[in-house]
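Okay, so chain A shows up in both of these, paired with chain B first and chain C after.
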Partner chain A sequence: MTGMQGSIGLADGPGPVGQVGPVASVEDLRVTFRRGGRNVHALRGVTLHIAPGEIVGLVGESGSGKSVLGLSLLGLHPKASTKIEGTVMVCGQELTSGSAEEWRLVRRRYLGAVFQDPMTSLNPTMRIGRQVAEVAGNTDEAVRLLNAVGIADASARLSSFPHELSGGLRQRVMLAMAIAGTPRLVIADEPTTALDVTVQAQILRLLRRLRDDLGMAMLFVTHDLGVASQVADRIAVLYGGRLMEVGESADILERAVHPYSNGLLRSRLTLLSGRDRPVVSLAGEPPDPTNPPEGCPFCARCAFVEDLCRQSIPEPVEIRRHHQVACARAGSLTEITDEALAPWPQRADPTGLAVLVHAVTKTFSVGRGRRRRPLHSLRGVDLEIAPGEVVALVGESGSGKSTLLRAIAGLLRVDSGSVEFGVPGDPQMVFQDAGASLTPWLAVGALIAERFGSSGLSRAERGQRVEHALASVGLPPEVRSAKPRQLSGGQRQRVALARAIAVVPPLLLCDEPTSALDVSLAATILNLIGQLRRELSMAVLFVTHDLAVARIVADRVAVMYLGRIVEIGPVDSVVGDPKHPYTAALLASVPDPGVELKAVMGEPASPLDIPIGCGFASRCASADELCHRSDPQLDALSESSDGPIRSIRRVACFHPVRSDEALGGGGG
Partner chain B sequence: MVPNDSLVASAESRFRRFDADSSVTRPVWIMSLQKNRRAWCAGGLLMLLTGIALVGPLLAPHNPLLPAGGPFMSPGHGGFLLGSDSIGRDELSRVLFGVRTSWFSALGVIASGVVVGATIGLVAGASGGRIDEVLMRLTDAFLALPGPVLAIAVVAALGPSLTHTLVAVSVVWWPFYARIVRGEVRALAARPHLEAARLAGATRLALMARHLLPGAVPAIVVTASLDVGNLILTLSGLSFLGLGAPAPAPELGAMAARNLPYLLQSWWVSVMPALAIFILAFASNTAGDLLRDSFRDT
Partner chain C sequence: MSPLAFAARRVSAAIVIVLILVAAMFTLQHLSRTDPAHAYLGAGASTTAVAAERVKLGLNQPVVTQFFHYVANLAQGNLGVSYRTRNPVATDIGEYLPATVELAFYALVMALAAGTLLGVASAGKWRGARVLKFVMVSGASAPLFLLALLGILVFYGHLGILPATGRTSSVNPPTGPTGFLTIDAVLAGRFGVLLNALRHLVMPALSLAIGPAVSIGRVLRGSLMTVLREDYVRTARAKGLRERRVLLSHALRNSVGPALSMTGLQFGLLLAGDVVVEQVFAWPGIGYYAAQSIPVGDFPAIGGVTLVLGVGYVAINALVDIFQRIADPRIKL
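Entry: the complex of A and B
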């Protein structure tokens, strides 16, 4: 970490860069691609400096250009189809028009990179020991690096292939390769997005620790302000290829000035968001990068827009120390208050039964021949949902939550147990990838009309009911003749919803319908589901990995782990006072701004290898011999057992978290 | 059920972009054809060949079965544009009639292959499990039959006739399509849209006909158009071996074969029909390539 800094002639540049020159900087960077015969203006004049040892969180929605900026600093744009203007400096070298060889040297000496999907970044045919040793120089160094990224028993792991490791371990291997040779700057592009939330918390802590130990700078690209707030010293908000706001993390989180970053913050769901009313959402969509607007990129969605905004792109202005905002009205926009949304109407407590799931088990068989093994996906699940009630099913990958959903939908046959419906009709389902759940060559109208079956409706009646369904999800009737691929992601999810509710189902099954959407869009879809279920008195089972989302949509929440429900109860009491150590660990792993992460150890247990005792015992801080020996059943907590049935808390734990231990009871 | 204002507002602002696209009402494949000159060229080429096969015999200056002048007249002499054959029949007329026979034979075999193969492939791919297993083993059994040998056997049993040859070729031609369609359908069946359609209440027939088959159409069209050339060569080859239409009937492969002894004195008698075969095969292969590229782009 010595040497190069003295030769950097940029110390007098603008921006909050301290006394030493930046380790990397871009000045008025413009990146344009040629794609499908059109010019995609990915970055339109971005100036950003990264100081040595600093973690900059680059936050933006899909299409904002955030990954493009990361690739620009790595010199990984294909030369033939990319036009780069402005300045890119890495460790004092001007590299805007650097040759492939120059970039290769810079990458080897100064840069490291971690991407979202370690499975595609690692070579599947090479043992990880060889892959890490390739960048580390020798095997001893590889073991040292793997230890440094928290891989226990690293020398034993050397002979594993990437597919034999869990997602979290693979990402640690990628990190080990990224920090080989102690780079000056690591570009991390959504490194935790594909991971479970408890593992994400571990990786975020690891990233900060590595920075502290090695003193490297990092550009942390993410779509999630909460995640950025957990690692970054400074946060830069990118939108439509322009930086909207740059400032120190705490400053941005508490006093975001730009209407966009402010809106992002407010539409981000936390464990404290109000759940008695619709959540705040940013209307509209990001600008088209092939045809960017003349003025401020955000002006089409901005509530404070004025003529000036549409005419010229505002330049960043320093409104206070280390805090720049690119907004024509930056001075006058220090206070933005929420326009109060009307609360949801009060309703009577749900009664009756929409669906009764009783002791459902499902075991798959994986592998072939002698390596054939049982995968215990559901291990006895009981659940009942009343008409008009929303139950959230929360769990990490491998918990069986999607299997349960598909079993209830009748898409797969259960091994034992039963699913009974108390209301006539077939359950409907909304999928995570709405685009893939709509038949690509059929028009929206035909897809929705399919729900009416051979019900003897005339053409006109069908058409009317299709339009009615579209209207109830906020889409104009013309959409009926569109093909799914002509719609945006949010529109597709609305169409999927319209199809599901065209004939009101007794139960709506939602499989992470918002997790593939940008924050602002996700908020509108959640509001829509909240509105529809109230209007139609529809029971909803909502699968999510995000407790903050569960809290917003649901009346009750069921936490799943290893094919069982380990805790269930009213959402406020489960989130406010978790009893199962796993629930507590999940809550402590939610990356909310301003809340310190407490990471639970270990990875989610594998449904291929079910322990004898409690499934969570190996990761649980309060587990004792009893937990490893026998399996706790889902029992009602004594303090709640005399209330109405839906207010009963049940937990499968020998040592439930005491209320006074608060959040993080299972934390380590 | 009136959505609240903010939802409507956001939906409207989002809809503006969608609305700008005026071509929404047209089916996707027509749009892609419009955008794609290559697909038009391919379609035009195939139509042109069919047109020639249809009206060709009307343009024939002479009866293809009867002598119209002296034998072995070279092209351009004695009123024969492409010359005359060993007994003085007009070569041009015979080639024009031969083109019709070859082209429609090829189309017929392919149509039967597509219908039978696509049906079996669709049922196998959509059902999976044991039905899939049985149907695909049956397909394999047919795939194992050697086409020319079967044709020889059929002709030996029923006597030489073009129909018999076509039946024999059709029997071995469909398994190819069954395999392709089954593969496409299996891949499509793994997509969530099929589960969504099942939940929406689509019947088994609707699932197959509406939600699976259209996805396999591009593969079928491309394969079929590439296959025309293949089939014309196969049929001509069989005629060449004497397994096609019997003696006086004009058939391209047979004409090329029977006149081979005269190649050194009167090359045109066998080269002209061979050239016609070449043009047909080349044009349909080109059309297939163009179609494949155009589907890949969209």
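Entry: the complex of A and C
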């Protein structure tokens, strides 16, 4: 059985590996891909050492080369189209020009890997027991590993297929395979990005615990500094294929020197970001990897740029112990203070009615034949939004938030209840994946002009209104003749917004429009939505899984769980003083630097299997017999019931969190 | 869906297809203006004898009446009597069918084997894949009869290593119990007969297989190439599995779906080719039987063969669905 090699471990190592040397290192690593007849310079001279037992958080935006570095350490680049220069060492072996077989043995013995989406990363047609046993060597060892990653009834799960497991369980299976044979280094590439926030918190804790138990090193690739801060001992910031700054986590988070790491930190949204004004964003976009700049990759977006920066690439310099910065002006940087952005103008409280959702239910039917089961997606939702008001809808997968959005958009027929609009016109939608929601063969101008329909506008008038719509989302008029694929991700999301507001809709429905974007881009889109809704007095329903984002965009927030709104109220009061244990658990799962994660147990309940009592009871620390027996309704809290209707807080809970319990009341 | 519901659905599909086939046959019969009674009695029959025979065979009735009459008989398992052999068609088919099933089976096995080899070899960039592809594609682009004749010329006429016609040249071959010569020979313990039968099978089966093999191979290659870019293949490689294992135990199973669909489609073409191939190799199957019945307008015989082939096609496609379900547990039948 080939699987036996995995468990042999250290004894047959090819070379002597001392305790002091790094478990893996790259020296001046340059990786270039040949793609579509052009050279993509993904990594342009990266030097990084990973010590045994250490977790290095590799942070960067999309296109920074962070995943490429991870794959370089796994030797998984396609040989034919990749040029690798520099040095790659893993466990004392020089592998830069290693053969496929050498790399395979190194992966087998010393390396483990966890990837972003556990659904696509597991073989859909192979039982998980076999997938784990393939690396573990035998079934007993597979069961032991599955237990080690926190899968309770592991031996009963062996015969499951990946699609029969929840997202969190799937990622635990991936982890079990990664730690099989006790690797020296695990490459984890965005291992929590595809997971719900409460599950993310559990997996992050598990990763740390596994490292502590097994002593393996880890390269933790992520776009989110907050996530990195939760697990990493050191953080390395990558930009344009170069390392900008490397240092111990606390040092980077508190005393970042490089203007880029600083910018990343400042544009990161937290539960404390000011919401009375636009959020700080890094202007500009990352350099084109097919045509990288001669000087510092960041110089085009840097506030401290000088001629020297444009002429040569700065090398990393040690400015403190274990803290390196690649910036020509590292010694002479002043404290960065953002120009205080002007606060949003004050407005009168929104009145009137843009949309009224009343007692909406929707049940889908899944499976066929005797396996046919009802999936209760919406179980009685009430919601009203005033013109000019933004309501954020927060919830995890399966909560029904996207179904509610589609029901309001008229894209699906509800089973009972009603959706009424107080203002004429059709609601418009903006989706997460702007690229996929724009017809690829139509020019931007045509896509926007579609909104005018047969309104009898002349050609010139249409053109003018298209340009006006583009201008209001901050795009130049030339964009009208471009095709969606010629635009960047941020530009495409702007085009989607321009199309939605070309004729001002009574209600703008946003389905996670920023979650696929890098932090700095997300910030600009959030600012744009904030500006548009104020200028146009447009009601917005904004679906997000991220409470920090909800807090920034919304006036009110509605928290959904299992097809119901479990808590709703003004955003400051809900975030600052959550009443429902689930809201508290969500807040406690937000990975912010310096805040210890309190992971709630279990995973979001399945809409296929609705409990009799409160949907959250099985995960709730304060649930008692009453919660399991009867279903709490969404009632106004007594202390807030006198105020104006929009300041009323409602919560569906028999035992609301007391204000003094504050954050983390739902943690177990 | 439960197995029973699945079976019920496929059987009703088969019934609908049979009805459509019968209707199509009656239309053709009506349009062809061949007089089966004339064919039945021979060229020298008198006009009155022919007219009497038409009444006896029910040919003087309206086509629609004849159609319902035929269907009613069919429901009782009665396919009528062949005008040419004067045997019940069911008896004739019972005699000729095993030879065809045996040939089609070996052809299908060869098509699947060669198709898989072609697909895996070209997707895995194995050495020799290009040569294999060249040979197979040129084979598949030649018309079937030409390929069969060429095979006879080379392997029988020139090299003399394979027989040209028939199922067997053994003396007194076993005739039961299954009717499949290769199986009966094994059951009877006569391995000489088995070898002889296999030698007779090679050329006709290969001629039938090569077209479907290329189609299956190309579809398999396409889906393999897609699957090899999937995340779970990267996971398998990250585990440090051997490339062969990555390909065969992770990628291949996830790629067979489209290839199986193609196999179902190609089986129809294989049955059509069977009529030609049996003719060229004088293979005593129902294709051969049909080819002899067509010129004389022996409609009961032609009808029987058509129905058998139609039902065979439905059966194979039901099998394809079942195999797809086995290959991918996410598929519900």
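Keep this in mind: the second predicted complex is superposed on the first by the 648 of 668 C-alpha atoms of A that agree within 3 Å, B and C clash if a C-alpha of one lies under 4 Å from a C-alpha of the other, contacts with A are read in each partner's own complex, and residues count from 1 in each chain.
Note that in this section contacts are C-beta pairs under 8 Å (C-beta built on N, C-alpha and C of every residue); 3 or more make two chains touch, one makes a residue touch a chain.
All values reported here derive from a predicted model rather than from experimental measurement.
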item	value
Chain B versus chain C as contact partner of A:V135, first or second or both or neither	second
Touching partner for A:G367 - first (chain B), second (chain C), both, neither	second
Contacts of A:Q531 with chain B and chain C, given as first, second, both or neither	first
Between chain B and chain C, more extensive residue contact with chain A	B
Chain B versus chain C as contact partner of A:Y260, first or second or both or neither	neither
Chain B versus chain C as contact partner of A:N123, first or second or both or neither	second
Touching partner for A:F421 - first (chain B), second (chain C), both, neither	neither
First, second, both or neither for A:S437, with chain B first and chain C second	first
Common ground on chain A, meaning residues reached by chain C in one complex and by chain B in the other	none
Partner chain A, residues of chain C touching it in the complex	1-2, 5, 230-232, 234-243, 245, 249-250, 253-254, 327-330, 332
Residues of chain B defined as touching chain A within the complex	1, 3-4, 6-15, 17-19, 21, 24-25, 27-29, 191-193, 195-202, 206, 210-211, 214-215
Residue numbers on chain A that touch chain B, as the complex places them	278, 281, 283-285, 288, 300-301, 341-342, 406, 409-411, 426-429, 431, 433, 436-442, 447, 450-451, 453, 468, 471-476, 478-479, 481-483, 485-488, 490-491, 494, 496, 499, 524, 527-528, 531, 535-536
Chain C partner contacts - residues on chain A that touch it in the complex	2, 5-6, 74, 76, 100, 104-109, 111-113, 115, 117, 120-126, 134-135, 161, 163, 174, 177, 180, 187, 367-371
